[in-house]
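Both complexes shown next keep subunit A, but they swap its partner, so subunit B is in the first and subunit C is in the second.
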Partner chain A sequence: MLYVLKRLVALALVLLVSSFIVFSGMYLAPGSPEQFLVQGRTVSPEVLDAIRAQYGLDDPFLVRYWNWLIDVLHGDFGRSLLTQQDVSTLIESRLPTTLFLAAYAAILIVLLGVGLGILAATRSGAFEKVVVFGSNLGFAVPTFFAALVLMALFGANLGWFPVSGSGEGFADRVWHLTLPAIALAFPAIAVVARITRTAVREEQGSEHVVMAVARGVPKRIVLGRHTIRNSMLPVTTVIGTNIAGLLASAFVIEYAFTLDGIGSLLVNSVQKKDFAVVQAIALIMVLAFGLINLIVDLLYAVIDPRVRLAREVSA
Partner chain B sequence: MTSRQITTEPPANTVGQDTVAVQAIRRQRLDGPVTGWRRLRLRLGTLGLVCVGILAVVVLTAVFAPYIAPYDPYVGSIVDRHLPPSLEHWFGTDQSGRDIFSRIVWGARTSLIGPTVVVLVAAVSASLLALTAVWFGGRVDAFIGRVLDVLFAFPNMLLAILAVAIFGPSLLTASIALAIGFTPYSARVIRSVALRERNLPYVSSAQLQGISGLVITGRHILPNVRTQIFTGMTINFGYAMIDLAALSFLGLGVQPPTPDWGLMVSNGQASLLQGYWEQSVFAGLAIVITVAALGYVGEQLGGRRAAGRTR
Partner chain C sequence: MLNVEHLTLAVADPDTGEETEILRGNSFSLRQGEALGLVGESGSGKSMTLKCLLGIEPGGARVGGSIELDGTDLLAARGEQLRRIRANDLALIAQNPHGALNPVLRVERFLVEGMADARGIPKAAAKARAADLLRQVGITDTERVLGSYPHQLSGGMLQRVVIAGAMSGEPKLLLADEPTTALDVTTQAEVVAILDEKRRQHGLSMIFVTHDLDLAAAVCDRLAVMKDGAILEIGTPDDIRDRPKTEYTRALMAARPLLHPAGRAPVPANGTEAHE
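This part shows the complex of A and B:
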């Protein structure tokens, strides 16, 4: 429990530093916000002053950071310079798509990655060779390339799935997000399948499994209780880092499929220099990334008691 | 079913931090730093040599692009739009009538320069941070550790996108930002290996002889962690290539009309959905083949874990 608390405090500190880095980065960016707001029109200095006062642009840097930070802690990320919308509501409306997509992809990674890995480990022959070859090549496939190929094959040619939009309601969503989720999960599935296969193979040769086989324990039980369970340790780490990485790679997929998630919002905001939105999304991503990594570490301790012990000793 | 594997597989070794996968690789292949051509060849294996061959072809293509490319990569004629592959145009032509093969040949340049910058910057900064931390230890080590923790908090692509948001889209900006993102992964690995080295008797005896820390680190510790540095560079190169291609795909990296593989995949998107698959598919395959070859070579040399990555 103390460990969790420590990690949470550390995460909060990292977030604080990150927020400072993100804010000062945006502050240092060339081109001033009020110039952006008037968009090249010639306006009188009075109007410029009014704008500067309205957005508090004349305050010293640290004061501005402090005000922004306090607002953020109250859940107020300011207004989009571009659409004048409230950034929090903007992100709120976009978040479900991204979360749905990431969750869908995570499920695919766990089911297909681990499933294919175990199948490849427990039987040899053509199937195993295909999985091994596929997983060696699969990690090298950029997600956006997988996205385009899937789009062309199953969207444009076969017409099974839509190639853009994220759909309404659960079933429609699943239908709309299937291709994006597969594309997003593809490289991770390859890596997880490979690690799973090696880990299970490794475990099959371990002493306790040999002993179980020698005692005549049924194959199914040997596989389920002794082999797979023990081989899941390295697999958990790999799955965890890959799921955390999903958030960051999701925006490429969202952009490719023109989904209305926070990733495509981030890319569009960067292209249009809408910094209020960029700051907010960057912070949310850092927070989510940190939380997922924390959860993975905790899961690791749940699965492997030795990790828990080692930590208590070192703490 | 299991009996055959029991006899062929040696018992699992659970010592150390390496994943089971890497342990398996370690046991099969010679451990220790790679020195000498024979050792290198042995480690790579036949498939590894094939991959090295592929990489050599890619590099030579980039270097001799002007002599290899049959057409100008920037000039096309509207009449020749979307030609299928033929003897004149090996990979066909794109939506502006430019020869796709020539663009892929020239694109090898931009596609290789970016990742090169990334791995060089990342390797230098990671080694500097890690070796400084190891040599001084204590507070310096703790401070550098905190800095790395903050860097770890940013997903690499996010860091690159933020840099592009601040400094405007360019290949150099994106590369340097990615390099900063890659640094903590390499630094963590180099630090752990260097720490082991730091505690060996030869280091303290050199210290007793009055040799300065800079010299010991540079002449003795650094050469002993080179395997980790090089393996990290090999593995990172592949990831850098994919990430930079993704940034170009988003319009935040290489800008048109420069030929670049990631940009070509993106440019071909509209054509691909209309049935003209050539541009996206050939450019995408170029990325996949290069990255897969790099990944395999890196894997044979030291394992993914040696680059500090579990992805």
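This part shows the complex of A and C:
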């Protein structure tokens, strides 16, 4: 328990530091918000001053950061410079699509990545070669290309799945997001399947597994309790980093499939220099990354008593 | 009870396909209750002989000859039959106990698994027996040991657990593969003493693999000297020591450090290690 608490404090510190980087980073980029607000028109210095005063752009940098941070802690990310909408409301309307897409992709990664990896490791021959080939393909094919191929094949030609929009209600969403989720998960499935295959193979040759076989433990139990369970240690880490990266790589897919998630919102906002929105999305991504890593580390402790007990001693 | 005839083992190089002979047509037999020591340098094929008996030789290896245990052809056994033989008739004690147990499961699980999953004893009965098995190998704080993970126990303690597991059934044949090599010197004597005592108590036959001639002489009824995959000679410890038939055995005898010229006697078990 103490360990979890420590990790949460650490996560809060990471968020604090990244909030500063996110906030200041926006000011390092060329161009300033007031220039965007006047949209290239020539305006009198008085108008410019008024705008600067309205958005608090004349305050010292650290004061602006502090004010922003306090607002963020109260859940107020400010207003979009572009639409004048509340940023929290804007993100709230976009987040479900992205989270649904990422969760869908995560499930595919775990089920297909681990499943195919285990099958490839336990039955050699043609099936293994297919998985290894598919895995190489997954490494090599860029996400947007996979998206295009899926759209052309299953969307346009076969007409099985829609190629745009995110759907209403659960079943419709699943149907709409199937192709995007596959495209998004494809590279990660390839990585996870490959790592799983290697890890299971390695574990099969390990001393305790050979010993279990020599003790006459039934095959099914040797495979499940000893081989697969123990090989999940390295696999968990890989799955975690891949799932954590999903939110960040979702923007390509959201763009390709015209989904109104936070990925496409981020792309738009960066182009339009909509500071408040970009800052909010960046922070959400850091938070998601941190949380997923925390979950992975906790899982690690559940799987491996050596990790758990070492922590108990040090805590 | 055990009859091994012309046992050969060849491993093919995965790249060149060239075969290396690891065992070169060895024959030996074992009577009920007898202990046979396989002695020789590392790489002489001692451990591989045990692996052939258990059917856990490396993948792609080719085994020839015949191995008969109480009339059953071990080399012909497959699938469920082979599994039953491993579970009921044979018991392996490996060199490194820390490698032999799954690092993420508790000791109790290891013992119960051998009884319940491998031999079909009801789980509750297996659990009830686990502590008793540990007491028989001189472990007093059984609760703690049963609840421990392998990395929390010393090598000597863990090897006792492995021995307890091996004794949990009624195996016909005990296969001990350098059971003390990975342990420190003081623990070695204790573990050997426990193994020896349990074996005699149950009247078990045993093949004892070691590079330590004196140790083998103290524990075994007969010794087989191995070199480069072949058995050079088989005889009683006295024969091997006093009347070696081959030059190699003579050299092996001369090479050992003579701490106890009369041969090493096993130290009686006193269970002190259980409190470390």
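In the analysis below, the second predicted complex is superposed on the first by the 305 of 315 C-alpha atoms of A that agree within 3 Å, B and C clash if a C-alpha of one lies under 4 Å from a C-alpha of the other, contacts with A are read in each partner's own complex, and residues count from 1 in each chain.
The rule is simple: a residue touches a chain if its C-beta (ideal position, glycine included) is under 8 Å from a C-beta of that chain, and two chains touch if they have at least 3 such contacts.
Since the structure is predicted, the reported quantities are computational estimates derived from the model, not experimental observations.
By the touch criterion defined above, A:L69 lies against neither subunit B nor subunit C after alignment on the C-alpha atoms of chain A. In the superposition on chain A, contact is made by A:E202 with subunit B only, not with subunit C.
With both structures placed on the common chain, the touch criterion links A:H226 to subunit C but leaves subunit B unconnected.
In the superposition on chain A, A:M211 makes contact with subunit C only, while subunit B stays out of contact range. When the two complexes are overlaid on their common chain A, residue A:L298 makes contact with neither subunit B nor subunit C. Of the two partner chains placed by the overlay, only subunit B lies in contact with A:V252; subunit C stays clear of it. Subunit A residues in contact with subunit B (one complex) as well as with subunit C (other complex) are 206-207, 210, 213, 219. If you check the complex, the residues on subunit A that touch subunit B are 10, 14-15, 17-18, 21-22, 25-26, 28-30, 122, 136-137, 139-145, 148-149, 151-152, 155-157, 163, 188, 191, 194-195, 198-199, 201-207, 209-210, 213, 219, 222, 231, 234, 237-238, 241-242, 244-245, 247-249, 251-252, 255-256, 266-267, 269-271, 273, 275, 278, 282, 285-286, 289-290.
If you check the complex, the residues on subunit C that touch subunit A are 54, 56, 83-88, 90-92, 94, 96, 99-106, 113-114, 117-119, 149, 151-152, 165.
Contact residues on subunit B toward subunit A in their complex (touch as defined above): 1-3, 5-6, 8-12, 19-21, 23-24, 149-150, 153-158, 161-168, 238, 242, 245-246, 249-252, 262, 265-266, 268-269, 272-275, 277, 280-281, 284, 287-292, 295-296, 309-311. Interface of subunit A with subunit C (complex): residues 206-208, 210-219, 221, 225-226, 229-230, 303-306, 309.
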